[in-house]
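Presented below are the structures under discussion, each in the form of structure tokens.
There are two complexes below, and they share chain A, which is joined by chain B in the first and by chain C in the second.
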Partner chain A sequence: MKSALKIDALREAVARMPNDRLSDARLAALQHLDDQGTPTTRHEDWKYTNLASVIDLSNQWLADGAESAPPGSDSATIDAVTSRFDANWLIIANGKVDLDSIALAQEAGIGVALLSDSIATFDFDAPLADLNIALLHDGLCLRIEAESELSKPIGILFIDNATAAVGVTQARVEIELAAHSEASFIEYHASSGTASHYANTVVNLDLGDNARVSYVRIQDRHHAHSQTNRLGVHLGRDSRFSHCAFDLGGKLIRNDLNIQVTGPGASASFHGLYLAGDGQHIDNHTRIDHRVGPARSRQEYRGILSEYSRCVWNGKVIVHAGADGTDAEQTNHNLLLSENAEIDAKPELEIYADDVKCAHGTTIGTLDEAALFYLRTRGLDAQEGRQLLTRAFAQIIVNMTPITAMQETISGIVADRLANLIDGVE
Partner chain B sequence: MSTSSEKLESLVNRRYEHGFVTDIETDTMPPGLNKDVIRAISARKKEPEFMLKWRLRAYRYWLTMQEPTWSHVRYTPVDYDSISYYAAPKSDKDGPKSLDEVDPKLLETYEKLGIPLHERARLAGVAVDAVFDSVSVATTFKEKLSEAGVIFCPFSEAVRDHPELIRKYLGSVVPQRDNFFAALNSAVFSDGSFVYIPKGVRCPMELSTYFRINAANTGQFERTLIIADEGSYVSYLEGCTAPMRDENQLHAAVVELIALKDAQIKYSTVQNWYPGDENGKGGIYNFVTKRGDCRGANSKISWTQVETGSAITWKYPSCILRGDNSVGEFYSVAVVNNYQQADTGTKMIHIGRNTRSTIVSKGISAGHAQNTYRGLVRVMPQATGARNHTQCDSLLIGKDCGAHTFPYMEIRNPSAKIEHEATTSKISADQLFYCRQRGISEEDAVNMIVNGFCKEVFKELPMEFAVEAQALLNVSLEGAVG
Partner chain C sequence: MLEIKNLKVRIGDVEILRGVNLTVNAGEVHAIMGPNGSGKSTLALVIAGHDGYEVTAGTVTYQGRNLLDLEPEERAREGIFLGFQYPVEIPGVNNAYLLKAALNARRRHQGLDEIDAFEFLKLAKEKMALLGMDPKFLNRGVNEGFSGGEKKRNEILQLAILEPKLAILDETDSGLDIDALRSVAEGINSLRSPDRAIILVTHYQRMLDYIEPDQVHVLSEGRIVRSGDKSLALQLEEKGYDWLREAATA
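Then we have the complex of A and B:
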């Protein structure tokens, strides 16, 4: 069965959107999406992830009148997340920006505004990013100045409350860091309700010369909810980007992390952990374009798969002609705990310059029987042994979380999720 | 430094040494492809009816297929109507009964190529089947092989003499509709080699085929089928050259290997088709489908390839590890210089229990060339205890070349152990400086480093090929570092 987005219904939905400064962009994005079409598994980048379920959901939502739930309908979940991590929280609930949270952030000295008040032009580069603009109510625009002294990280909470009806939401955040500025961000995806839901989010991050960013993304959506998420990063001269992502929940999850190295001396480290259980499909695509050198990039992704789950990891390093002095490494390790789990790993290198150092390594396997046996001789039962070994495997990523204050809490969340996953493994 | 780079410059410009044309009359079909051409090829080969039907079915599939575009190479499209699908040396028309009847000019060609045919064959102890343009010209050592029960003959002969084996195995590893080029080959293949090793026989000598495209505007579509029956062993070598021509020529071959229970096949290739000139003009398009099927338990198929020629290479010798405990190996050195492009690698499909595979790929890029490793390791849910180790390294020589790695791992069994590692680097100034300091010329130092880089693969090659491969590598890269 071939699923395609019903473009006429989409056009009607776009026509019903408010007439504001984003109107032209929405129409342009719609046109671009119409020209390109939505990706299918025949596209190399989508070989292992079939968007049919998400597209069907979107079509159904369009047919139902394209209504989304009102914002602020789930304050309990919002409180739970925002109290867990100390940050200045900006909230996008059900695709709509929470204006109170903007006011609070502004009081704390953060340069933040509505997207519609800030910019009206966008780059159109990927079909899902087009869909994002076409149906975007509004988004956030942040600018971090060199002298801003932020005592706490900036939290961005994407939360969707899927009530009785099928829901589709779009959210977008544009962040600019001035030269010599520094900031930490927490990107948190949560959802509640049991109806089918699809969230499509885009975050763009532009690092000026010598800017420093610590970035932590946590995705802990409901098991009935799907998400596509795109983080685009531009690195200026001598800038530094440290990123860590945790995928814990969700049904069909696709994350695209695209990094453009455009300034010499830049460095990027981006790591991730994905934990998948029954029926989950988690796809992480990373791509780093080294356009100039010297520059350094490091990435390590780890995954633990149990029950009927499937994960995809596709890391791509492109060293463009002239990007001499590039030093890039990518690593991916996977633990398969179930007969029914599948991992599709694809570490890619595309190199057009000769003065480079690039390497990648991938491993796939299950828990070491000898290690499990050793733990049993020390009095741990099989379940405790598995728990210990999987935690140790995951902890390596947790320890790389660039906002160190978060490590302990994340470690706890990961342990809880692992306990869930391992329950039932024999 | 400037004198040395001048010297290097002159070495880079060295011409392809197998680029001569043998001036003999050929029997060539007019260009273009249709059912009549296929009927004519089949008739000229005196093939039985089933073979013609098989070809026509492949042709029908081919008409519905699209030329693949996913590979990481760029080339001017092939005009399938301007190619002649059959060219044979005229003298072959009456069918040479022995080497003495073969056109001396042809033998001279092989002399120039340094193939151990005729007397030299006996010395080297290698049985050679030489395919010139489209037909097999001579097969040496036939009698000695038949004593052991080994069948080694031109494909067209096998179709006539052993139709039961052909019917049973042809297309059983690479079906007609497998891909665009395999379908084309299935429709028009002209000749190639056929090998059958009976139960429990260790083939007394190494078998070898030499391919050469001589005539202009022809394509070469050979087909090789090797069947190793239970408990047998065979080592097979394949080499190829072509004259220098400004136009691109197409080579679309299919190789099928079948290893039954406890059988082993070792397939080695030294591919040295004309790579085009230093501006990327001319050269062979080498679009080849090679696949081995480890059908029985404990069987083993090992591919070793040294790829130095061809303008475009598109080739993935693969192993289907169907039998329990079967083993697949792939050792490859791919060297590209000037404007050559190679997209090559392997596929290891683990189906049986406790199947193991090893992939070692060494890519070297120089000049403006692009070298891609593309490999798939797939572990099916029933393949308990599967094991794979993949190592692919790239060496870059020069600012304008590229080295790319696209490994695919699709793992669906938790007991699998899969490791993949890859590195990309250039010959470091430190290494060169150290060698220079010890009195080794820059040229020799580069050769030494490159040979060391490729050692793991060369040691898998049979002796006489290893020497040739090493020499080829040195020629291909001479002057690449300045």
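Then we have the complex of A and C:
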């Protein structure tokens, strides 16, 4: 039989959640999830990513009593992340919002509150977003005020502490940017502990007219940790969204980036780098709906795969009827370091408007032997040459990181990770 | 410095070099000429250590050592430099980074201290000025978006910085306009020295107007069919290669 989420056990777990202002939303989400069912590989969007391991893990967790892990006490990991990147850090540990971090992040121009104090109903969304609400303890709600000038980026650290037992956590952040506001965000996913874990996160970002957002996501989960992650973005008139994502760790990782262009003059650039080693599965699904024009979107994802790893890139661009003046480009480049690595790359363009400019390109290849030979004739040994070439391939995305102060540090993290991939040391 | 004896090389079933003999001494400049497909580039790549070729017979001795035993990077560190006919574009690898890494790989091998960033920049700018190169090329990706002439100049810049003992320049003159050819040739001439040997692989005689070779060899169908002084190049220019092929088969 196919893996399916045990809905009765889930219902019991939801019933045991505290009775609070999110209670109705949890029940409604549960019902919606029950109606839809969890995705299987028969769904086009999930063709290459089988959630069976995540669903089995969730069922085991439900059977074990659906206890959340002890509150994040791994201050060493938290410090390691927060000291590396200068930001006002908000921390969600094991699906629980760290209230102290809310207090520390408050400054003029930003409002930070618990989700339960701000929002009581949610739009129905994809099944995993429903699961997210059904089991959500609480989340964060951020509002950036008009004309605000924040002193630093806002960091959101999702950290899960996987001890001996299996764990499942939900985390959710809703962000609203008022018209003419500007902010930078760092979304960081970290792990502590080595037990099996599944984290399901949802972030929604609503950009008002003329709002500007720089957004960097770094996923550096432990190799026993799986994650599904959804970032939903609404772009208002003349807003600008610049995004760069780095997937470095994790066991089974699925990222959905959904962008809705709802205001003319908006522009979105969203780029990503995924580095996969033995046993990793990293799936990036992006979708941009150009509902109005003119608007511009650019995306470039790059992947480096070694040993028995598998990655998926599916980039969908939909230009809706009437969205004339849309200018959309997408590219995806993959470097396979092993014969056992697999990439499923799928660009999708659906165009229902007349006056549009769209382009896409996908490449899959191995290291350029001619370039490697060239480097060796200059005195670099083969290992050094391979490292240099793979780093160069990745650096193109690092250089697009919209929070430029992060580039050097990210470059170092990427280089370390690549050194491990190339040496086959995990 | 370099002694090649009866070198036979093939790719798959195709024999490309069919018994090449060549001796190059320190301080000499040799020109290897020949028609398309005669094996000129193969010879250059085999000396540099390309693993796409199978050596089936013969020896290559460099400074008394069996060159064929060495990896390409070991050959480079021992002072062999190949200027490529088609230099590779490597986007994302900074030109200055590669130059410095290459120089330091050689210096480490020689037991010298690594050069620091400041000294390197000074050296690189000095050599670039000599070759009439804009310093902005230092911060570009290796050959990324360079024109044909810029790529060739970049090869000569590497040559000038690395100061090898044996330089093999594979059709460095192709794709150069007359001004570029002159400045590249001046760059090469400035590197002539009693302890350095240079092998110019070329199709045409025109580079030899600027760089006077000690010996000229004609490679045809995988063999050196004739050797002589610089006047041989002029004869070739006048009569073409067919004259030699006919002479060889006669």
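By our rule, the second predicted complex is superposed on the first by the 419 of 426 C-alpha atoms of A that agree within 3 Å, B and C clash if a C-alpha of one lies under 4 Å from a C-alpha of the other, contacts with A are read in each partner's own complex, and residues count from 1 in each chain.
Here is the rule we use: contacts are C-beta pairs under 8 Å (C-beta built on N, C-alpha and C of every residue); 3 or more make two chains touch, one makes a residue touch a chain.
Please read these numbers as outputs of a predicted model, since none were measured by experiment.
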**Asked** On chain A, do chain B and chain C fit together or clash when superposed?
**Response** fit
**Message:** Quick check for you: in the superposed arrangement, does A:368 touch first (chain B), second (chain C), both or neither?
**Reply:** second
**Request:** Using the touch definition from the top, say if A:389 reaches chain B (first), chain C (second), both or neither.
**Result:** second
**Message:** Taking the superposition on A as described, I'd like to know which of chain B and chain C A:15 touches: first, second, both or neither.
**Reply:** neither
**Request:** Once the two structures are overlaid on A, work out the angle chain B-chain A-chain C from the Cα centres, in steps of 10 degrees.
**Result:** 70
**Message:** Just to be sure I read the superposition right, which of the two partners does A:376 touch: chain B = first, chain C = second, or both, or neither?
**Reply:** second
**Request:** Could you figure out whether chain B or chain C reaches more residues of chain A?
**Result:** B
**Message:** One more residue to check, A:344. First (chain B), second (chain C), both or neither?
**Reply:** first
**Request:** Figure out whether A:405 sits in contact with chain B (first) or chain C (second), or with both, or with neither.
**Result:** neither
**Message:** Considering the aligned complexes, could you tell me the closest Cα pair distance between chain B and chain C in angstrom?
**Reply:** 15
**Prompt:** So which bits of chain A does chain B touch that chain C touches too?
**Reply:** none
**Asked** Hey, which residues of chain A end up touching chain B in the complex?
**Response** 44, 48, 321, 334, 336-366
**Prompt:** What residues of chain B sit close enough to touch chain A in their complex?
**Reply:** 70, 381, 394, 396-426
**Item:** Interfacial residue positions of chain A with respect to chain C in the complex
**Value:** 368, 370-371, 373-382, 384, 388-389, 391-393, 395-396
**Fill in**
Per the touch rule, the chain C residues reaching chain A in their complex are 48-51, 71-73, 75-77, 81-82, 84, 87-88, 90-93, 98, 101-102, 105-106, 109, 141, 158, 162
